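In what comes next, chain A is part of two complexes: it sits with chain B in the first one and with chain C in the second one.
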Partner chain A sequence: MKNSISRKSLAAKKLLIGYSKDPSFPSFVALVLLIIINVSIQPNFFSYSTIKSNFMTFTPLILASMAQGIIILSGSLDLSIGAGMSLLTCIMASMMTDSIINVILVVLVGIISAAVICLFNGSIIGFVRIPPLISTFATSAIFFGLSLTIMPLPGGYVPKYFYKWYRGDVLGFIPVPIFILLIGIGIWLIIKRTAAYRYIYAVGGNEDGAYSSGINVARIKVMAFLMASFFIALGGLCLLLSTAIGDPRAGNAYTLNSIAAVVIGGISLKGGKGSIAGAIIGALILGLLINIIFFMHISSLYQNFARGMIIIIALSLATIPKLRETRDKIL
Partner chain B sequence: MKEIIRAENLTKRYDSVAALNKVSFVTHEKEIIGLVGDNGAGKSTLLNILVGLFPPDEGKIYIYGKEVKFSSPGDARKKGIEIVYQFENLVEGMNIYKNFFMGREIINRGVLNNKIMHKKSEEALEKIGIIRDSNQLVEGLSGGQRQAVALGRAFYFGKNVLLLDEPTTGLSLKEVDKTLERIRLIRENAPMSIIFVTHNLQHIMPIADRIIVLYHGEKVLDKKTEHTDIGELTKMITTRIKEEEHIDRTKYI
Partner chain C sequence: MAKMEKTKAFFKKLLKDKVAISYIIAVVLFIIGQIVIPGFSSFHHIMTVIQTSFFLGMLCLGQTIVVISGKEGIDLSVGPMLTVGVIASSAIIMGKDSNFFITLVAVLVLGFILGLVNGAGVSYLGIAPLIMTLAWGIVLEGALLFITNGFPPGKASPLLELLGGGSFSLNIGNFEMNVPWVVVIWIFIIIIVLLVFKKTIIGQILYGIGTNDRAANLLGINTKKIRMFAYGFSGMFSAFSGMLLLGYVTNPNLNLGQNYGLPSVAAIVIGGISLAGGVGSYIGAVAGSIILTTLTSLLVTFRFGESGRQIVYGVVLLLLLIMYARQPKKV
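Presenting the complex of A and B:
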């Protein structure tokens, strides 16, 4: 009995030591600290209703960050995520009626639209070889223009039962935003076991090496965007359901916030290093930070300042494992 | 010994400059060929053609008597040609076994079989004297260790030809010895030709069966190692004298 306990504690210790070398470890520590601060200023932080309300806000950002994470891991970047999510809310809100079949079909249209948007972005970067910073900046303008064409002002229609569903539960105990997030995580757990997902790391980490290993680099870059489209579609859907309208500007904040979350979560902006788990942690950190600012009655004007500071702190913390590794090599 | 590669009149031009000019050679099973030459001699161009990075403008390549044409590195790999670059083509953020099977993963029902890949990579590395936990990240390895992993991978997958692009450059003396020993082990364990490109004659002489010298895109010497020496090779590398002309010229020395 004693032996099995000590074996378990040894395994846990090994796991912790192993994880401490992971690029997302400093952000995990930061997340724990932020949770402690949140609990101290918001005593009912772990209550069911607070968790549900927090995730209603966090889920679109978490999903956008997962999408951005996959794209950045492949060595690209997507400055059009926010505009893409806005476009999805406009497309879906402009087509919805009260019929359940219509809602299901419109959600499918949303998923297909996300795939088309991402295929367009990926093809420009992978096949035409325009740098992602420029190409996705340009496509963000295109998507914004399309959104304005569909819906010059925020509006459209989302059936009441549908957006109320987002505020409800699945099986009586899983808040819907968490349920949608679990679907996203499930999709990620499936794709991370495929060769294509591994090639995303290879292309992001060493493009020449990946090419000389027989990997079709352009195709993998497009594939990264296509994989990300699942999460953008789910994020766009959550955004639509949380606001209950289509809005050409609804997703604006998600572009930079998703990049910030990815960086905070320890994914290298050069690509090839980090994990989507880190992006999820990064998004949670940003969400909790905004919570703190709200509950401490700090003006929302300081949100950007605080976000910038936390990115710098997170980046500094992220260098610790690297410094430790260099020290180990020297010694 | 069976002939593996027969290259005939390989030519590659960049505008009016011939980076490779009608170079022909053959390689045999279990043969190590030292490919030497100064900067700009055409070594990299020849390697890039053999590895499928670009096709020659003229000339043909045969493997075991059958003409082959490569349109990508993947094509060359399928024909059993592997390369180990000077700056190894490994992905730093990945562990050893993932790098080992990069582009050739073992997949069961659409899902990566990491357990088998982990096991097989360790077995293959052990065969050429590398005992290492293949779960380790590549970024934590020294230059020599990375070179060893790249060699192990090329040995495991290479059926016909192993191309080594300056594999000893930047390594410590100890690591150079180990790398040369591993190359010998590969020759003993596999019936492939090994083309070893280097600037360092001290490294190639003890290990090569034959030396080919390129000068400004032309083959100027192709001799068994025991029939040449560092002095002659240095002259051939630095002076534009073809093999026959060189023999003639010795009359006047």
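Presenting the complex of A and C:
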């Protein structure tokens, strides 16, 4: 009996030690610290309604970060993620009517549009071989222009029952934003088991090596974007439901925030290193930090300043384990 | 016959030279403009376009230095840094010519120091340049907002207005030409930069650390320090651009630096500078900035409206990139 307990604790210890070497570990520690700080300034932090309202704002960022995470793991980068999400809200809001069948069809259209958007980005990077930084900047201009064509001013229509649904629950106790997030995580768990997902790590980590071992590098890069398209579609949907209008500028902040979240979560911008779990943790950290700024009643004049500083500080802290690593390498 | 072979060889060489192509594209854009709108390629208008290109061109100089220094170097804070230059110079010069030199020195030093922060984060904390400079840009924009409370003080002095927006007339025979002072300043800077890059040890070290960081390090060059200074110079040139931009627009504005960051990257890529570092020359970046400004000017005169302008801008940028910013195919 005693033996089995010690064996169990040993296994737990091993798991913890194993995780402490994971690239997302420092950010996990930071997340725990942040939750403690949040609880201390907002005593009802773990109450049902606070969790629900928090996830209403966090979910689009988490989904965008998951998408960005997959893309960055494959060695690319997507600066058009915000413009893409805005375009999705415009497309969906411009087509919705009151009937349920229409709503379902429009959501399907949204998913397909996301796939087309990502396929476009992915092909330019994978097949045409233009550096992702600059090609996704060009496509973001195109997406923004398309959104403006569909909707020169924020508007469109979302049926009341649909955006009310986003503020409600599934099965009586799971808030819908968390439910959508769980769908996203479910999709990720399926994607994770595919061979293509492992190839993404190979391509991101060492493109030449992956190529010479027979992996179709261009196709894997496009696949990474296609996988990300699910999360962009879900993120765009959440954005639409939380604001209830289509807005060509709604997603702008998500481009930088998703990249920051991914980097805070321990994914290397060079690709091939890190995990999507890290991206989720990074997005939660960023969301909670913005929460703290909000609850400390900092004037809106200071908010951008604080946001940028927080990203820099978080990234400097995230480099500490890396510094230890380089020191070990030198010694 | 031999002559024809020679011209053929000349054209073949020309078509392989990215800098030459970018100048050809600039000329083609002017010709298209002239066909659609007569007068687009008058001497006066060409000078006006080059005059407005100067401000992007100065940002491109900083961007060029940073990108050539390698290690995924990129400076996305050039836009906010330009705004810093605008606001700082207007606050110091206060419309008086007697403050001109102190303003010039102060702006250059301020830009250099603020750029060094980027460099320190990138070199010594090991933060990825992309996210470091983006976040620092947000910090600077936020700081300007609360320092000025949204209402930047001061305005340009007559001398600064003359340098930034004025021109002098040049008579050759019966032909009178108005040459903006900015163009003269630009030509002067281009000559100095090319001399420094090609003929001095500074240029060689810069290209050296960009091509092979480790080799440069083994040769005894403190690559971290030099890379940090590269960001410092980038900040300095951006702030300088801001000072002359104040002369061009007379009254300071917090939004002047928006939409400059990524276009400066696009411009240098069009000018044949590799984002991988160590390759390229500023003379190409000059062409790139002229191309992008001409394109914007064309789109404005075409009266497309915001949405059409964005789409065409994105599509043309993509086409330019497809034409010759493609990465080599693996063999």
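Quick notes on this one:
The rule we apply is simple: the second predicted complex is superposed on the first by the 299 of 331 C-alpha atoms of A that agree within 3 Å, B and C clash if a C-alpha of one lies under 4 Å from a C-alpha of the other, contacts with A are read in each partner's own complex, and residues count from 1 in each chain.
Definition applied: contacts are C-beta pairs under 8 Å (C-beta built on N, C-alpha and C of every residue); 3 or more make two chains touch, one makes a residue touch a chain.
Remember, it's a predicted structure, so these values are computed and weren't measured experimentally.
Legend: residue contacts after superposition of the two complexes on their common chain; A:302 is shown touching chain C, with no touch to chain B. When the shared chain is aligned, chain C comes close enough to touch A:144, but chain B does not. Applying the stated contact rule after C-alpha superposition, one finds that A:273 touches chain B and leaves chain C untouched. Touch counts on chain A: comparing chain C and chain B, the chain ahead is C. In the superposition on chain A, contact of A:211 is made with both chain B and chain C. When the two complexes are overlaid on their common chain A, residue A:195 makes contact with chain B while staying clear of chain C.
In the superposed model, A:135 lies in contact with chain C only, and not with chain B.
In the three-chain superposition model, chain A touches both chain B and chain C at residues 208, 211, 268. By the touch criterion stated above, chain B contacts chain A in their complex at residues 51, 53, 72-74, 77, 83, 85, 88-94, 98, 102-105, 107, 110-112, 139-140.
Against chain A, the residues of chain C that register as touching in their complex are 72, 74, 121, 125-128, 130-132, 134-143, 145-146, 149-150, 262, 265-266, 269, 275, 306-315, 317-318, 321-322, 325-330. Of all residues in chain A, only 193-195, 198-199, 201-202, 205-206, 208-216, 268, 272-274, 325, 329 touch chain B in the complex they form.
By the touch criterion given at the top, residues 77, 79, 124, 128-131, 133-135, 137-149, 152, 207-208, 211, 217, 256, 259-260, 263, 268-270, 299, 301-309, 311-312, 315-316, 319, 322-323 of chain A touch chain C in their complex.
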